[in-house]
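Two complexes follow with subunit A in common, the first pairing it with subunit B and the second with subunit C.
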Partner chain A sequence: MRLTPKSVTLLALVVLIALSPIFFPSGFYYRIGALIFVNALAVTGIVILTGWAGQISLGHAGFAGIGAYACALAPVHWGIHPALAVVLGAAISAVLAWLVGRPILRLKGYYLAVASLGMGILISMVLNNERELTRGPDGIDVAELGLRGVLKDAGLDLSNGQFWYFFCGIVLILGAWLALNLRDSATGRALRALHGSEVAAKTVGMDVARLKLQAFVISAVYASVAGSLLALQNKFITPDVAGFMHSVEMVTMAVLGGVGSVAGAIFGAAVLTLLPQVLTVFAEYEQLVLGAVMVLVMIFLREGVVPSILRKIRGRGE
Partner chain B sequence: MTLLSIEGLGISFGGLKAVNDVSFTVKPGEIVSVIGPNGAGKTTLFNMISGVYRPGMGKVVLNGEDVTAMSPHLLARRGMCRTFQNLQVFQSMTVLENTIAGYHLQESGHVLSDLLNLPASRRRAKAAEAGARELLKRVGLERAAEREAGSLSYGSLKRLEIARAMALKPKVLLLDEPAAGCNAVETEEIDHLIAEIAASGVAILLVEHDMKMVMRISNHIVVLDHGEKIAEGDPASVSRNPAVIAAYLGAENAAG
Partner chain C sequence: MSELLQFLLSGVTVGAVYALVALGFTIIYNASDVVNFAQGEFVMLGGMITVFTYAAGAPLPLAALVAIVATAALGVAMNKLAIEPARGAPVVSLVIITIGVSIFIRGAAQLVFDKQIHSFPAFSGDDPLRILGATILPQSLWVIGGALAVFVGLWLFFTRTLLGRAVLATSNNRLAAQLVGINTPFVMTLSFALSAGIGALAGVLVTPITMTSYDVGLAFALKGFAAAMLGGMGNPKGALVGGFLLGVLEGLTAGYLSSQYKDAAAFIVILGVLFFLPQGLFGRKSTDRV
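Then we have the complex of A and B:
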């Protein structure tokens, strides 16, 4: 059987996730790994929206905020299980994305960037100011998912770090699989086509507004699930998860790795999650680094790191 | 039987009448060409018929239905498809993917089925790919299938655009200067291709500068000048028409 790019990406991802722990010097690295996977999941959504459909969102952290606070609030107020709260958060994010995207995506141009920016700021303001409900900027505790206990009873005893590393890893593999399925399907092809030429996409019968809306809703669900996973593994969440800087971070990760490629998105998420952890000096200058990365990638590697390298390799092979 | 009927179509840009009161009809299997000097309003007329511009007056009737100013993606559903003078190809996709894109209406199912790669999605994608490879063979691009469309020559891109349009199995095909920028050999290939498509019963509306090609393949010719229809008829009668000769000579004098 010939290996398709899709199976190569998935296989590489599975091997990396499964084997990386061998090289971990301490348990702390499980936590960084889990953080990378969560960010990579959100950025995979950005690849669908920006890399394929060519639409820009500057408010995706808002959806992460919805996913995170659904896990914090729904179990307390409605007594539903945290796992169901993830689904609830994703559903709310999807509906909100549909409501915001539907009128905006009929228009040609980059109106979505502006609309989503406003939406993200609104969500962030609500989370900061509705202290009665969200406890405001100090953050709020999040219930235990409880799956680790179930696994322990079944004889699989993982540390908290190990559990979240593998759990987030599996969700990321699933997310990457879905995205790669989409890429080569009728829908994914249509998204990439309308990015290339909107007028030609219309002439072959593609409902451009509807397709963009689908991409926006799907990517919102990715961000929401990522937000939920972040809240659940930290057992604590602050409104920063929905902040503007988090939205910019997602876009930068995608752009650095390669906004058109799922593998690139995961690479970009890994680099920009690792940097501030490994070199503490970066944590202080995070905004500066993000800005510089954006500018440098745009000048030197417009397609992003991974697609540019792949092109070099292929070019040499011919 | 008339398939496409253009009734008194017109549009103004800032008070200037770019196209004024143009009418004609196209039947299945017929090749109708719109000719005229540069700036006569041919492409503007095309853009109105294909739903890119909203006409200021008149109607476009497709198969008995008023489709004036209907969005291109809805026209595609009703069997009308077009190509572009300034090539609209999905540059960063492969030649094969470009052609499969033409099967969108036949191929697309539910987005959830696509996400999960369900058998229904796979089956449709496979059928579309098989059809696309067949079409690429027909236009002579089967060897370039896996190449990025942006790397093709101009003449090949023109044929790719026609293949993509044919994938829709259209009833009416609008071709905007399909031979522009092509050499003599490429023009002849496109020539044969168009005749073949028409022979299969598709109504073809053509805008073309290459006068030899127009005279060779058209059943019926509509001549525009300054946005108005100045003549129409079969190739022989149009080429003898004094108004047509004057329009072209006038244009040449002005250009020279």
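Then we have the complex of A and C:
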């Protein structure tokens, strides 16, 4: 049997997630791993939007903020179980993405970048200013998901770090699997076609605006779920999750790894999540290095690190 | 009445700064189709370099001049090192490059300067002038005058000089401009120098009022961008009007609605413009040839 690139990506991901803990010198690394998975999930959404549909969002952190604060607020105010709050946050993000995207995606050009930028900053402003509801910039506690307790009763006793490592890992595998299936579906092919040439796609009868809108909504849901997972594992969240810099980080991760590929997205998320951990020693240089990395990758590895390397390996292939 | 006038006056002052930033956006956008998110960092550099040169003992006008020239040189360097090598890259890449440059400059500024808030004395003292019961700082007049002077200067440059017309020609059609012998790479360099210099001037003028620190750039970039969108991207008249309009709107929001949400005005304007008049107030409808 010949393996498709899709199964190679998924298989590699499963093996990496399952086997990496063998090399962890301490429990702290589970936490870093879980953070990488959460970021990779959000970035997978960016791949769908930017890599396949060719649209830029500079406000995706806003959706992560909605997902995160849904988990913080819904259990307290409406007595909703945190797991349902994740779904609620995703639903709100999807509706908002649809409302913002519908008029904007009829226009050609970089307008979604601008609109999402405005939307993201408004969301983060509300989270910062509505102190009575969100407790403002100091952040707010988030309820316990409770799944670890259930697993313990069932006889599977994991430390907090281990639980979140494997839980986020499984969600990431699911997310990558869905994205890769979407890529090969009729919608995915249509998306990539319109990225190639919007006019050509329109000529063969594709509803370009609707396709782009679908990609935007789907990617918003990815970001929202990632935000929820972040809030639930930290049991605490601040409005920074919705900040402009977080949106920029997401796009940078995607572009660094290779915005056209899910494997690249995960690689980019891993590198940029690890970078600040390594750079804590030189915390002062963090912004300098991040900015330089962004510029250099865009100039010298336009397709991103992973596709550029793959191309080198395959020679002239593709 | 005097209350309304007061809000309007403070709105016009910040609006003048947004107009200057928006003009900077417009110049680079016209020359290269790049939306330069590092525009706000030029404003920051204008203020910060003046602060430190002045503190080192230079007289204020000289310090301001140093800041403007140094920032313009940095704009040229940005074009040569980050934009030109990426020519032909898709818009996503160019947007990320300019964001990368802005983060880089911010990172460098906190190392070279510091993380403190700084200011220097106003040009013409701090005694407020009274107009119909409202007050205005003399420095505000400098800011407003600066914005208008830059606009008139640019207008003369683009309509009355050969070089300015070469820039206009390049923005209309790069290839055709090249064919008639215009040195388009030089036009790009000039645009970045001009745009960075204007950004720095905005920083010099506004710092005595709002103070400055290494991280003020992002807010200026976003507001200036909103103003440019409001006026119609690529249109200098639109940038000027958009800037003042946005400033006034912000002043009124702060005065009558909520000072916490005064920054929201800019972003609600962005969304409103995109929903209802995507070409901006003065933009022309663009069509694409296939």
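Going forward, the second predicted complex is superposed on the first by the 308 of 318 C-alpha atoms of A that agree within 3 Å, B and C clash if a C-alpha of one lies under 4 Å from a C-alpha of the other, contacts with A are read in each partner's own complex, and residues count from 1 in each chain.
Note that in this section a contact is a pair of C-beta atoms (placed from the backbone, for glycine too) under 8 Å apart; a residue touches a chain by one contact, two chains touch by 3 or more.
Just so you know, these numbers come straight off a predicted model, no measurement behind them.
With both complexes brought onto subunit A, simultaneous placement of subunit B and subunit C is permitted, the two fitting side by side without a clash.
Contact with subunit C, but none with subunit B, is seen for A:V114 once the two complexes are overlaid on the shared chain. In the superposed pair of complexes, A:T252 makes contact with subunit C only, with no contact to subunit B. Legend: residue contacts after superposition of the two complexes on their common chain; A:Q214 is shown touching subunit B, with no touch to subunit C. Contact with subunit C, but none with subunit B, is seen for A:A292 once the two complexes are overlaid on the shared chain. An angle of 80 degrees, to the nearest 10, separates subunit B from subunit C at the C-alpha centre of subunit A in the overlay. Which of subunit B and subunit C touches more residues of subunit A: that partner is C. Judged by the touch definition given at the top, the superposed model places A:V199 against both subunit B and subunit C. Shared-chain residue A:P103: touches subunit C; no touch with subunit B. Here subunit B and subunit C sit at a least CA-CA distance of 8 Å once the structures share a frame through chain A. In the superposition on the C-alpha atoms of chain A, the part of subunit A touched by subunit B in one complex and by subunit C in the other spans residues 199.
Subunit B contributes residues 50, 52, 71-73, 75-77, 81-82, 84, 88-93, 97-98, 100-102, 104-105, 107-109, 111, 114-117, 121, 124-125, 128, 164-165, 167-168 to its touches with subunit A in the complex. By the touch criterion given at the top, residues 35, 82, 85-86, 89, 91-97, 99-108, 110-111, 218, 222, 225-226, 229, 260-261, 263-264, 266-268, 270-271, 274-275, 278, 288, 290 of subunit C touch subunit A in their complex. Against subunit B, in their complex, subunit A makes its touches with residues 178, 181-182, 184-190, 192-193, 196-197, 199-208, 214, 218, 260. Within the complex formed with subunit C, the subunit A residues making contact are 50, 54, 56, 58, 100, 103-104, 107-111, 113-115, 117-119, 121-122, 125, 129, 199, 244, 248, 251-252, 255, 259, 284-295, 298-299, 302.
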